[in-house]
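Shared chain: chain A. Partners: chain B in the first complex, chain C in the second.
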Partner chain A sequence: MKTNRTVSPALMQNLRDVAEVMPLLVVLLGLFGGAVVLGILQSFGYAPWFGINEFPTTRYFERLWLSSDFWASLGLTLYYGFAATLIGLVISIPLSIALSKKFRVSRTFAALIRLPLMVPYTVGIALALVMLGNGGLLSRISAGLGLIDDPAQFVQILKTHWGCGIIAVYVWKQVPFMTLTLSAVLARKGEDTVEAAMVLGATSRQIFWRVTLPQIMPGIVSASLICFAFNIGAFEAPLILGGGYPDTLPVLAWRYFQDANYAFQLQGMAVVVSLALVSGIFLAAYLLGYRRYERARGRV
Partner chain B sequence: MMISSPRDIKSINPWQRLLVLAMATFTIAPFAPLIIQSLAFRWAWPNILPTVWWHEQRERSPFPLAWDYVFSPSSRVAEATINTLGIGIAVTLLCLLICLPAARVLAQRNFRGKNQLEFLIALPLLIPEAAIGIALLMIFIALGFAGTYAGVIVVHLIPTIPYMVRMLTAVYQGHGTEAEDHARVLGANRRQIFFRVTLPMILPGVIAGCLFTFLVSTNLFLLTFFIGQGQIITLPTLLFAKISGGALDATGAGIALIASVPGIILLMFTDRFIRSYPLAE
Partner chain C sequence: MTQVQLKNLSKVFSGAPAVDAIDLDVACGEFLVLLGPSGCGKTTSLRMVCGLEQPTSGSIWFNGRDVTTLPVQKRKVGLVSQRFGLFPHMTVEQNVAFGLSVRGLSADEQMRQVGEMLEIVRLSAFAKRFPAQLSGGQMQRVAIARTLVTKPEVLLLDEPMASLDTLLRTEMRQFIRDLHDEYGMTTLLVTHDQIEAMDLADRIAVMFDGKIAHLAAPDEIYQRPANEQTARFMGHSNIFECTPISEGHIESPYGQLMLGVGSSLGAKQPSKAMLRFESIQIEECREAPQENAFSGTITRAEFLGAMMRYTLQVGEGSLTVEEASTIKRKTGDAVTVTLPPEQIWLLQ
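After this line comes the complex of A and B, so read on.
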């Protein structure tokens, strides 16, 4: 486009703004939007490169949603996601409050506790194997205490559908993320309101429920949204530490994709779209609930 | 945040002390058996410590000794490390190039659809990674991008862009436009304003954003694994291949420790950058 000298400075500025946002938009819409659109098309039977074009068909969704395996997988996926996010929050809310009180070694502790944020999930899985496995350190310690005398007697933590190993890895990895998010909110809010409440005679329980918690609510919502979305989309932890069949949805989708029969890829795409749909529904409900909470408090 | 002087750890109540200590233990302690495992030659159940250490067996059996193997070419650890760091640097620079201009606009301008744009930018964090990865894999296979460095670098942009934009937007918001306005009045051109005024002001935030982006990229497993198609190996995917059977041997422990090194170095040297990044908006 040619711009001549009569173009007003304001318009020039606007054009420049658009040009500066453009690369970001192109990447997001091209990659991310493209993936979403193609994923949906494929799950409805559009895959000309395999010689399959039945668009639009709901066959893949019907087959998926009518099988009880899918619902078992979905249940497991949601269970791991919810349990890990909840446990993470229960730990990181008091932890961030404790670390927000500046004591001499608080920075050292804060840095130590941040370590899992810096390493890959696969390292967390390796740690779970070496700690929680039947031949792991906890099992050895139980033997040392005389509780068991054979590795097989150790309580099965990994490779069960209770998913303690998976949840432990998620919690280990995500508590630092949540704590950091909440600490950032706490640092910005300052201690003025807490001190005011104290002066006015509030008990520490009242301060927590009436002052601190509402203040950090935005941080709680944003951190738990991100962690929950991550947890239900995670693949490696359920694959290695999970109980096998029925798998979580991401693992199920991956197995479809690894199948030699190309047609199964469309089935896998239906799994993926269902997963995104479920995640979207839960996140929307959560945000809606949060908005209602904020409105009830008169903040919006 | 800065005014309160440091107090003793006793300034927090016993429950909080217990929580902090317990979490520090939960976080750090599992690394001990990992280190021991990587140095063990024979570590049978139920011994808490190995009965035979690695160095005690050096002459008798040169192979497989965890660290010898980790540092030998056949483990592909060196290749994975170079890939991890190279991809991380490329992703960080590309991400910065894309996000810096957009962050300025988001921070300083108001326009219709801004909320929707911000939502779009946050969306990659809220859609399950497996969903994005598998759908993109199809596109990338069709484009011939799967299993190439370009493909992996591009796909790493998806989870890094939301953080980078957030951090840079917050940085721009914190500075306002007054200094730039002064420079403009005094006759500086756009390039001078950017390099002499804006950049020095926002540099700490830019470095923080870059470090965090680098970190996210080096720790990414799923998208690398899906899009890399096993041809691009990074430390997380190498470790995954080692432990996917559900057991951890000495070499696996060694690779896990190597995979933690970039993060530990960043943690030690970048504490003050990472500390208060504005995640919580």
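After this line comes the complex of A and C, so read on.
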């Protein structure tokens, strides 16, 4: 008996889709996925190229998590990450609303907002040193104005665990990104709802809290997720502008990687994996919370 | 009820006048339609009445009170726009309650009034839905309910039916007119749809290039338009060159035409006349000549559903005629057309 076997069109379409994205998948899985797997293996003691193969061991994680330094570093890392993201948002939301309006110097305003995006991070760090340091521009101006006797008496902004300099650099760099993301959401939303609220008698404050803010929430979530992930992973600013011990987790990892003893690389990997884990937990919790918020508003 | 007056009102955008010194009186409880093509200034005029746009010059008066600089929140107007402007993150109920809650009404009072309003717009069953879960017609009714619940003194409608399909549009026109008659509030509606305007309006203001070209009742605007531009915009018509030859008579490409009493030449020195497609009578070729009756030949026949449209060669000119599609004629048929004197309108 002869049977006719035909491949379903849906299956064929799926195969075609996979074939089309295969080049991208190979690059992603090979480069990014491979590095992630290798990093995780190292954190569990697998590094035969350094003459170490204790796989599987949790000793590097245990050493890390049982030390109070790790938790201090984690707290500091999260503090810089949250503070900079929050301050960035508070500045970016009004800026994005202003950017969506047309006024006399709106084009100059838009250009000024975009400017920090084009300046490298390290330049921002150098600017912070020149501006905010004890021998910096602000301290000299303060001394020149007679507010302090000597520039050295200027309040210490850099090299403290309050991280004002670090947060300032993060905010300076991410405000344009957040502002442009939010202004794109505002542009897509249009003015209809704001005008409707005005005609219905709402004040500017009521419009902001009850109409504009809930509508730009998807943009706020996207922008803050990206900036938070960057902030807790960056090491240049905390290394140069930070207050020293305890370091943030990325700086701690960097110090392990820089050590002459290759065996410390595995400890560094345990720091990086721990950081990724913490970041993942926070981001997942944030997304879950946001999903519930959206569901309550019928958007999911 | 509120009387609305626009006095010498102008709006200039980047040096180009969008609204050019218009004067308009809208009586208490009147339904006035601003009708015109895109870019004629009708929406800008409405936005100035609303307070969303500041006039470059001129003034706006409500019941004899100058409200030109009064903030939109204090004008007691209601606006339903083309895209409705519903808050996507609020339910139907919350949308309708918004205007009441910003006025500080208690939650119980809000719910009572919202419930009543949703009954009126027949949306009680949809109270807990979000705008994205509604059809176009339902969204429009939510927008209307949200506006009416605040009891505005002037209702402004900016092409509220533009995004609805034809059937729904007819239904919503009736709904809007019924609501206006029930509440009796002064209403201004902006549209580019002549049928919508004629169906809804007590009076129509036809606008071109920022100016009001003709302000009158719908039948007058349709049958006796002020000028050729208005005549063409208001619907299909034969507009032809003419020369006055004596009181009550003109020479046309079709022959000599007698005019009706209403079309008396008077002081007019017209060069053009107008006759609507549907005003012309068409019949089988007739031997005995009559006043204003001419022989012609059908050069084109189009089926439009309820109507047939014929293009005819009559004398030295061409005429277009519409007739009920129950009678079918074909290209090449010889016919007699009668141009009723009282339907011929001389254009300035």
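Assume the second predicted complex is superposed on the first by the 281 of 300 C-alpha atoms of A that agree within 3 Å, B and C clash if a C-alpha of one lies under 4 Å from a C-alpha of the other, contacts with A are read in each partner's own complex, and residues count from 1 in each chain.
The rule is simple: a residue touches a chain if its C-beta (ideal position, glycine included) is under 8 Å from a C-beta of that chain, and two chains touch if they have at least 3 such contacts.
The structure displayed is predicted, hence computed values, not measured ones.
After superposition onto chain A, partners chain B and chain C are found to sit side by side with no clash.
When the two structures are aligned on the shared chain, A:166 is found in touch with neither chain B nor chain C. When the shared chain is aligned, chain C comes close enough to touch A:211, but chain B does not. Shared-chain residue A:197: touches chain C; no touch with chain B. The three-chain arrangement built by superposing both structures on chain A places chain B and chain C 80° apart around the Cα centre of chain A, to the nearest 10. Between chain B and chain C, it is B that contacts the larger number of residues in chain A.
Using the contact criterion defined above for the overlaid structures, shared-chain residue A:89 touches neither chain B nor chain C, since it reaches no partner. In the superposition on chain A, A:76 makes contact with neither chain B nor chain C. In the superposed model, A:297 lies in contact with chain C only, and not with chain B. After superposing the two complexes on their shared chain, the closest approach between C-alpha atoms of chain B and chain C is 6 Å. For the contact definition in use here, the residues of chain A common to its chain B contact set and its chain C contact set are 190. Across the complex, chain B meets chain A through its residues 1, 4-12, 15-17, 19-20, 23-24, 26-28, 30-31, 33-34, 37, 45-48, 97-99, 101-102, 104-106, 109, 111, 117, 120-121, 123-132, 134-139, 142, 154-155, 157-158, 161, 165, 215, 218-222, 225, 235-237, 239-240, 243-244, 246-248, 252-253, 256, 259-260, 262-264, 266-267, 271, 274-281. Listing the residues of chain A that touch chain B in their complex gives 17, 19-21, 23-25, 27-29, 31-32, 34-36, 38-39, 42, 49, 91, 94-95, 97-99, 101-107, 109-123, 125-131, 133, 135-137, 139-141, 143-144, 149, 151, 158-159, 172, 175-177, 180-182, 184-185, 187-188, 190-191, 218-219, 222-223, 225-226, 229-230, 232-236, 239-241, 249-250, 253-254, 257, 265, 268-269, 272-273, 275-276, 279-280, 283. Those residues of chain C lying in contact with chain A across their complex are 50-52, 72-73, 77-79, 81, 83-91, 98-99, 102-103, 129-130, 132-133, 143, 146-147, 150. Considering their complex, residues 190, 192-193, 195-203, 206, 210-211, 214-215, 217, 297-299 of chain A touch chain C.
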